[in-house]
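Look at the two complexes coming up: subunit A is in both, with subunit B in one and subunit C in the other.
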Partner chain A sequence: MTGTGLLNFGFEFVEIFAFIVLATVGLAVIFGMMGIINLAHGEFILVGAYATTFTFAAGLPLPLAMLSGVVLTAVYGLVLERLIIRHLYGRLLDSMVVTWGISLVMIQLTRIAFGNTAPGIGIPFGQLPVVDGPVYYLVLAVVAVGVLGGLYALFMWTDFGVRARATMQDESTARSMGVDTDRMYMSTFAIGSGLAGLAGALYAPVLTVTPEYGTGFLIEAFVAVVVGGASVLVGTVLASGLLGTVNAAVTNVAGTFMGQVAMLIAAIIAIRLMPDGITGLLADWRENRGESQ
Partner chain B sequence: MLELTNLHASYGKTPILRGVDVDVDEGEIVGIMGKNGVGKTTLVKAVMGLLEVDDGRIRFDGADVTDEPADVRARSGMGYIPQGRDVFPELTVEENLRIGETINEGDDQLQYEAVYDYFPILEERRDQEAGTMSGGQRQLLAIGRALVGNPELLLLDEPSEGVQPSIVQDVTRDLQRVNEELGTTILFVEQNLHVVQNLAERCYAIDKGTIVDELEGDRLESRDAVTEYLAV
Partner chain C sequence: MSVGSSDGPLAAVRRPFEGPNTMGNSPAFWLGFAVAVVALAALPVLFGLYAAEVGAVFLAYALLGMSLAFIWGYCGILSFGQVAFFGVAGYAFGIVAINAATLTGLTLALLAAIAVSTAFAAALGYFMFYGGVRDVYVTILTLVVALVLYTFMGQTAGGEWAIGDARLGGFNGMSGVPDLAVGIGSTGVEIGLLGHYYVTLGALVATYLGLRALVNSQFGYAMVATREDEDRTAMFGYDTTFIKLVVFTIGGAIAGLGGVLFTTQNNYVDPSVFGITAAALPVVWASVGGRTSLIGTVGAALAIQFVDYRLALSGSEWALVLIGSLLMFVVLVMPEGVAPRLHEYIVEYREDADPSPAPQEPPAATEEVGD
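Entry: the complex of A and B
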């Protein structure tokens, strides 16, 4: 591979890796920590995107408009959790049906309220000098890595994180230790929603914002969660790395469509070989290593 | 300190507790003994708030906590050690202990030093995942986790269950130290004869969801009197 080809592949990988991470991380937090398969995840992304475009159109600077997208989506998730989702904990199928219903209602309501398109936002920061692509994609990659680092710090180093992980492992024992597990679920759902809103906000300048905007994120998000397995952060990073590499490599040679096809084939093979995802395989390996020592 | 009055509780439509009356005074070590399936675990769960009661009242520290959820009871000073050494397996020893800080909210006197003093193995293994420890070590961690928050009342559900006899002796001795040195009141349910006789100052016998006897002094020390209520 030539130097330019390598650069193109690297850029393609960074772009796809960031997209998968940002599309996935909110869904992974809600599923991994709470066991809720949020089929309205795409529409949480939609809320972030619409809030960003409309506040930007109203005159807010882009970073603040994006922040408002994140905050509004987190608040929206919080309200939804209090009104509907909290009654569905431990009821996987019910939660899937209900969140699917929420998704359909939100798409139609968005169409009725705002029409078929939202105001556009230009891609900031201009073009890269060497590779054919915008600087903004590199910014997205930095944000994606920052989000992963921030989540790691939140869940591993803070009291909130320790209590959230305890709640995920054994809700009843956590409650009997004084942990307000209701508040943990509420906060975790709001964080997951805010992260979905962040994806919507960050990609509002890149993708056309329509009522179906969220569905464009769903395939990558769900595939990455399944391939990643139970561990929220490690699973998201490894799945995004694997799927991003395959997608970028094939896209570089055969175009975007074939890149997507290759990524889905890689996902099918990964799920066939690792039914519990990459982190499930790692857990088995650690267990076997522990037994042999 | 703890007063259970006419407590009734059930699993679904099956009644388990049928009018339990128990009193525990501050600083006491009280046991509740009985065979398998007579309602011991149900009673502890009801006291902790992990199972809704059908009837009766639970008063703790002078307040009626019958309708309070488990987390509120824990924050008001109840420390719970579940049956089967329920630690958080994927958290480290230290993280498990940090969870216990929530107990007895408002009392800032955390007992890490006491916990590490009673159970030095926990300090040695503070970075180890709890799920990789032996059964006995996990039992010590479960006790240490409840102690960190300096609870006023320690509730134990069969502390000897699944733990090898030598460790059971250590656990019994450590619980006595906790009672003497920290002044923690202890209520435990148990069906192990030695734990009942060595740990309890006073003991209730439970059968078919009702308190059928109360033993102390010579009667509690008498093997025959105690084994009448145990499956030995």
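Entry: the complex of A and C
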């Protein structure tokens, strides 16, 4: 592979990795914490995108517009959690069905309220030298890594993180130790929603914002969550890395569409070999090693 | 108990279709069922050909809904991708039928389409259940399969995406799919508009009765046991993985049958059958009607699609909002669905009226079903 070829592959990988991480992380936080797959994930992303587009069109600078997208989505998630989702804890399949209902309503309400198009935002920062692509994709990658780092810090180093992980592992014990688990669920859901909003906000300049905008993130997000397994951070990173590498390598040789196809085939093989996801396999492996020692 | 008794002459006919796994084992239920079928059969007579045209689509949807109620309600496999089999069968029929638009060809197309959707379901089911994929992961994987098909079929607009004379057509879809026909050589029937309605209705009724017989058979008991507690059922020596595979495959076949009838009615199929909105509909019907009640799901499919159609006719955009809200409302307020709830009321009412427990519907069995 030549120098530029390698650079192209690297850029492709960075672009796809960032997309998968950002699309997945909100879903993964909610799934890892409560075991709920939020079928309205795409529409949370949609809220972030619309909030960004419209506040930007109203004259807010882009970073602030994006921030407002994140905050609005988090608040939105909080409201939904209080009104609907909290009645469904412990009812996994029901919660998926209900969030799908939310998704249908939101897509259609968006269409009724805003029509089929939204004002566009130009891609900031211009083009990269050497590699064919905008600088903005590198910014996205930095943000993606920053989000992962931030989540790691939040869950590992803060008091909140300890409580959240305790709730995740054993709710009743956590509650008997004085953790307000109800509140933990509420805040985790809000964080997950905010992260979905972040994905929507960040990709608003790149992808055309329509009522179906959120659906464009779903395949990657669902596949990465399933491949990653229940452990939020490790799962997301490893799954995004694996899927991103396959996708980028094939895209580089055979084009975007074949890259997508190869990624899905890789995902299918991964799920066949590791039904509990990569982190499920890691947990097994760790257990076996513990036994043999 | 207003009508007849279990010793009536029809009891023997009814017996294979009755048991603890289905609601509605009373003569009154069957009378209502007969009235409903007659009313559906009379629809084209009362409202004309156009009603038959629209009605056939709803009936095809009802088959799709029933396929989900069967696998979800009776075996606990929640598939969000039943539309994948529905659409794949539609496309398969189109591809064969456009290339071989003779009587023999169209008969083969029908068989091929159902074979393809069945094989697809079997392959996906084998892959999932023997790979140890469970619960939520099954649900998400099936949805991803449908979404991937949507994306894939959407990019087949180019001329290179043609199989023989059949152009897949990308988002514009595959048009010019011939009507259904059955025959060999020059002997056979082409099924026209009115015929198509009755064929669809017949397929729906036959599938309904067939599934009722199946869920009340030994295999049906094993299915329900798998739903209730898979590990325990496996402990008793049942091959639960195989049971799930068989159930999922049958579900795929029924959805495929619905897909063929849907495609031949419209003479057209496009990727939106795989889309996220289309994929949600079977889940809505089964949740609202009651997934443990095949007839409830059918009723919900017909009613919801009828309302959706009327709203679309009047130019309203609120149908999806209504459908989504209905779904949320039902799951929050009566998670088991409308039909099982109604059934509970009826059983209670009968018990109040008649102090000795009714022989046809032991309350204990009812509770199990209502789970």
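Quick notes on this structure:
The definition used in the following text is that the second predicted complex is superposed on the first by the 293 of 293 C-alpha atoms of A that agree within 3 Å, B and C clash if a C-alpha of one lies under 4 Å from a C-alpha of the other, contacts with A are read in each partner's own complex, and residues count from 1 in each chain.
By our rule, a residue touches a chain if its C-beta (ideal position, glycine included) is under 8 Å from a C-beta of that chain, and two chains touch if they have at least 3 such contacts.
These numbers come from a predicted model, not from an experiment.
Here subunit B and subunit C are compared by how many residues of subunit A each touches, and C touches more.
Looking at the shared chain after the overlay, A:L60 reaches neither subunit B nor subunit C. Within the superposed three-chain model, A:L282 lies out of touch with both subunit B and subunit C [touch as defined at top]. With both structures placed on the common chain, the touch criterion links A:M186 to neither subunit B nor subunit C. Touch criterion not met for A:L154: it reaches neither subunit B nor subunit C. When the two structures are aligned on the shared chain, A:Q169 is found in touch with subunit B, with no touch to subunit C.
In the superposed model, A:V145 makes contact with neither subunit B nor subunit C.
In the superposed model, A:V71 makes contact with neither subunit B nor subunit C.
Residues 35, 37, 42, 84, 87-88, 91-94, 96-98, 100-109, 111-112, 215, 218-219, 222-223, 225-226, 257, 260-261, 264, 268, 271-273, 275-276 of subunit A are the ones touching subunit C in the complex. Of all the residues in subunit B, the ones that touch subunit A in their complex are 48-50, 69-71, 74-75, 80, 82, 86, 88-91, 95-96, 98-105, 132, 145-146, 149. Considering their complex, residues 159, 162-163, 165-166, 169-170, 172-181, 290 of subunit A touch subunit B. The part of subunit C that touches subunit A in the complex is made up of residues 78, 80, 127, 131-137, 139-141, 143-144, 147-148, 151-152, 155, 276-277, 280, 283-284, 287, 317-321, 323-328, 331-332, 335.
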